[in-house]
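Before anything else, here is the set of structures, which you'll find just below.
Shared between the two complexes below is chain A, which pairs with chain B and chain C, respectively.
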Partner chain A sequence: MANKEKNKIKLAIYWGAACGGCCVSVLDVHEKLFDIVAAADLVFWPIALDFKYKDVEDMPDKDIDVTLFNGAVRNSENEHMAHLLRKKSKLLVAYGSCAHMGGIPGLANFSNRQEIFERVYETTESTVNPEKITPQTKSKVAEGELSLPEFYNDVRTLNQVVEVDYYIPGCPPQSERLLEVFAAIVSGAELPPKGSVIGALDKSQCDECPREKTENKLLKKFKRPFEIEDDGKTCLLEQGVICLGPATRGGCGVRCIEGNAPCRGCYGPPTSIPDPGAKMMSAIATIIDENEPDAIKKVIETIEDPAGTIYRFSVPQSIIRRKIMPQEKKKEEAVLQS
Partner chain B sequence: MEEIRIGVYICWCGTNIAKMVDVEDVARELSEMPDVVIAKDYKYMCSDPGQDLIIKDIKKHNLNRIVVSACSPRIHELTFRRTLENAGLNPYMFQMANIREQVSWVHDDRIKATKKAKALVAAAINRIKWHESLDKRTVSINPSTLVIGGGIAGITAALELADTGSQVFLVEKERKLGGNMAKIDLTFPYLNSAQQIINEKIDRIEHHPNIRIFRNTVIDEIFGYIGNFNSTIGQNGTEAELKFGNIIVATGLKSFDPSGIKNYGYGKLPDVITSLEFEQMLLNGKILTKEGKEPANVAIIHCVGSRNSDEHEYCSRTCCMSALKYANQLRSAIPEVNIYQAYADMRAFGKGCEELYCSTSRKDVMFLMFDQQKDLPVIMEAKADDSCKMVIEMNEKLSGERIEIPADLVILMVGLEAQDDAKELARSVGISMCGNSFFMEKHPKLDPVATTTSGVYVVGNCQAPKEIPDAISQAKAATARIMATIKQGEVEVEVITAEVNEDICCGCKTCIQVCPYTAITFDENNSVSVVNEAICKGCGTCGSACPTGAIRSRHFTDNQILSQIKGLMSKSLELNEL
Partner chain C sequence: MTYEPTIIAFLCNWCSYTGADLAGTSRMKYASNINIIRVMCSGRIEPMFVLSAFREGADGVLICGCHPGDCHYHEGNYKCLRRFHLLQKYLTQMGLNEERMRLEWISASEGKQFAELADDFTEKIRSLGPCKLKETAETLT
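What follows is the complex of A and B.
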């Protein structure tokens, strides 16, 4: 008995720039949570348990067996915790789309800090801020100096900040996949090579998708889901809706398509695809049923928010990573030179 | 994985590269890149000593990847691949960076050019880390050949092949064999009889045991690939299933129809005729106007439908010399006739042609020059009291004067243009066209009779206007190529092809729709697409279209291309700062 107790693994769950959905997905295992708790000591989980960062700092290095890190790296606090948990964990798992590829917060890489602050603290319709107060990392108040984490210019994936052992994709990951992975870790089964995506398939969504696919993929107009009269049977792409299914790993159980919505790509690309957006763009290019540049341009213009569609969950991890900001570059250079 | 050991060689190309690129500096800087074992510069990499240098280094330093930075891969990629083979390396462990055509020849700032060269070489070094060995593949060759078009080019090719014992299928759209040559009287520049030559050949071809002729026939669809083509040919209500290993396209060109050129009144003025119609007169042995009289004044107008942005930009190449041929034939048929040549430029290159020009100009022929781009002559009916039937008004360029030429017969030297069904034919044999005019050869200089589809050759006028000897040379060149493959019994086919990873393919069929060579089929049992590698040309279209990344374009994998881009960007950022 005592032995078994000793064999319990130490588990930590942390959120960076995240919506909380990933932590909820852990709770979504329902009564199976008891199985988890039976096999693991939860040593750190801000959403559910009252531990302080200091408690983690006090742990010996590599004391935690597995850390599930969800959320992207948006600010200095996220980055600090990524480094800390890396140091304290044997296995660091990027859990969910944001830690894996940048996720929805990563879409902010189409703007920079200045633009975001302007929008959020000045121009939103509900904001009244005549003094243009924005968050400062240090501010003096009567009681002394207050500090806030530094908001970065861009969002990074977990592996752009620290070394990551495994990736469990999804927004959020399917709870069943988590249980499978967890069972494998606890049972001491041989783990896949470091750097692998686990809890997902190698084949794409389309492979699991029950909808019918034909050679008939020629489009003169792209449509948003509400613009089609879905017959419930035909591949959404063939009906003109951009579905990221082909460039997305299976594993979620085609849950969006089962709900008659196109796949948005939260499970990330299969290993065969280095950049899902680029891949999707060239695939889209080949199904446009026009030959003249002007006509092609018109068809492309029917795609609502193209970059946000093909890179919905993966901007920071993609080749483009972020919008180029020339003024900023000049400023940085000026700083460097001075 | 084996350790990556790269050798990098920067070529001077004599002074061609070295004068604009600091080759020593490039070699020195790139030698510092990871995995580069040695980087050297040398005067002529493609020379024997240059290649020996690579072979020695491969052995001495255990190199397993080679980058040569020199001229265009179109020129020497094969040379260096062979060098690698000679040193026992797989030929695809090679990458070329073009710093001549893309750098030294097009820039004039040595510092920037050197930087750009470094970026291109860095890209090649980055890429080659992802290279994989590729194995040669061969397919067997069916010794029969299909010849499409029974003009002089097609006939020559058919006879050459049949005489070696191979079977030939000759398909001719018309009832009559011989093409344009069968419609002309004498041939320039030596004024031999075209009929004698062509009739002898037609006679031979009709009785040749190895040649099967299909007249009044056009090819509909052709399936297969080099060595193993097949097609169903319908003729007189019966269908024949033909199998052949190679295809020669010899469909020639047709004469331009001048009715659209208002100035010349063709179709309205009865005695304005085309060169082809004049040939028919010569064949009939009588040069007469519509009224049945011998003409006293004959005008010959050049470049009709050629060298003009309204019709065709190109020169039809045979008409100048034909026009001189007519002057000679007119002079001997009607000794006292006045002959006027209204020309734009006289194109008399080639054996015996300038001589023909000189001798003709001594035969009392008037040469009058006009502006073919902007100022065409105008042919009008003469007034009742004129002694001639027609008057041609033109601005004579050499004298600068406006003149009138009397004419009873006007010969329009019509140009040559694509057959009406050329586009469909190009599609069914899988070749491309240069604009709307001629079939495209594989390389305009280095490979003028082959096409980008292996086993398909273009010969004679359909490749571009030319004289009979050139058409015959091309026909013989293509047959020599084909005979070589028949003798070998097999031929190497493209190894840079696409492959489908069946574990990843989701069966979306996007690739099938985009392949320009119809090389992909669907395997219904496994619900995956399959590339027929004997047909695939490695064009890469399907690889970029396949949304699941199931298709790998060998030698152009995503990793190879992305790392190449990264290598390029790593150095070209510095370029921007200049």
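What follows is the complex of A and C.
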């Protein structure tokens, strides 16, 4: 992967539907950024450097050695850039939870464009929009035609759009992990098989977690973190707080639990667990201390938004990757009548 | 063309599968829409199995185990019951009609009950129409 000049690699960093935190996590390597810059030419990085899309389009194919793509694919611009960067890069890395599994933007798969537009441009308390003006992909103004990316119904992960070589999970990934991965790439060390999750462990958060687990975890009520008097020692799940530790890979340094907050699952599930929510449903069902249907339902009622909790970062990547919307249900009825 | 629902039924080996077998050996007729998957115990049915069934195109999922207290492995059916209610809650949040998933206890001697259940559930799913879950998950718009 050596480049002619000074063995420097060409590195690009791009954001799709993201919050910016992943790009900041790259800056969070602090003075080590100089090591990165010493080993790599940053050829494209919108948050920090003034390159244009045109500059990327003008590059020969496979000219970029490594692209770290963060963010989900939620509009036509994200999609276009995913295709473009795939074409121009030797290695395309899905960097962070959103590119990896959909992440927080992926929670929009509980909804669709119509609902989101109605909420944002019509019904939000601070909105006055009697003409119901919504963004158009094309609009004519005196100076000519203006265009905006098309907002999709569905949020996709990067690998639902283009082929991905590696995944570095996390919201955001731990900067130390990025440095390790970067050092491995620069050193020309043999890389793991294509499609691997790198910069994380394959054991679960629970395996890494210092909190005490007993065999006897049975619950009649689940609680939100502020509702418990945490003793700082006992497993959070045993104290009734939904912690995604059992369904999440380690590698972050149990950072939320170290901060006395439950794991939300941003590192995604270990290889052996295809669907984190399914695993959590098993884990939760095991600790419910009731055997009668109504009593069980009552315990389940104490879990605030189960779907959004157990799939916090992974809706678009999960087996049932989006909600069936009411109008789609109407289609269902229409099929029946025809 | 009339719509024929696809139904996946997970049956525990010791009671429910034997019950379904009894329906067969007694030559009872029941809806051929039911595709039976035998598992050792209803407690073996992971949420993953049910989600995969729907994602692969099932219109309904039926789960049967031994009556409470009768599980060959003592507690498996209680575990199944708790998972079932959680799954139902989750699937409802994903916009699925909760009646697309049913849990019933069938003992080894309840061949007739199994045949009736199979017919009844098939009719229920037929009345709900095709499940849109697979198409929705796979159409990226």
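Worth a mention:
Here, the second predicted complex is superposed on the first by the 320 of 338 C-alpha atoms of A that agree within 3 Å, B and C clash if a C-alpha of one lies under 4 Å from a C-alpha of the other, contacts with A are read in each partner's own complex, and residues count from 1 in each chain.
Throughout what follows, a contact is a pair of C-beta atoms (placed from the backbone, for glycine too) under 8 Å apart; a residue touches a chain by one contact, two chains touch by 3 or more.
The structure presented is a predicted model; accordingly, all values stated were derived computationally and were not measured.
By the touch criterion defined above, A:224 reaches neither chain B nor chain C.
One of chain B and chain C touches more residues of chain A, and that partner is C.
Of the two partner chains placed by the overlay, only chain C lies in contact with A:293; chain B stays clear of it.
Looking at the shared chain after the overlay, A:204 reaches chain B, while chain C stays out of its contact range. Once chain A of one complex is fitted onto chain A of the other, the partner contacts of A:307 are limited to chain C, with no touch recorded for chain B. Of the two partner chains, neither chain B nor chain C is touched by A:90.
Contacts of A:282 after superposition: both chain B and chain C are touched.
In the superposed pair of complexes, A:274 makes contact with chain B and with chain C alike. When the shared chain is aligned, no partner comes close enough to touch A:80: not chain B, not chain C.
Legend: residue contacts after superposition of the two complexes on their common chain; A:319 is shown touching both chain B and chain C. In the three-chain superposition model, chain A touches both chain B and chain C at residues 274-275, 279, 282, 285-286, 319. Interface residues of chain B, counted against chain A in their complex, comprise 501, 503-504, 506-510, 512-514, 541, 544-550, 552, 558-559, 562.
Interface residues of chain A, counted against chain C in their complex, comprise 110, 152-154, 156, 160, 274-275, 277-279, 281-282, 284-286, 288, 290-291, 293, 296-297, 300, 305-308, 310, 319-326, 328-329, 331-333, 335-336. Of all residues in chain A, those touching chain B in their complex are 202-207, 209, 213-215, 217-218, 235, 237, 246-247, 269-270, 272-275, 279-280, 282-283, 285-287, 319. On the side of chain C, the complex with chain A involves touching residues 3, 46-48, 51-52, 54-55, 68, 78-79, 81-83, 85-87, 89-91, 93-96, 128-133, 136-137, 139-141.
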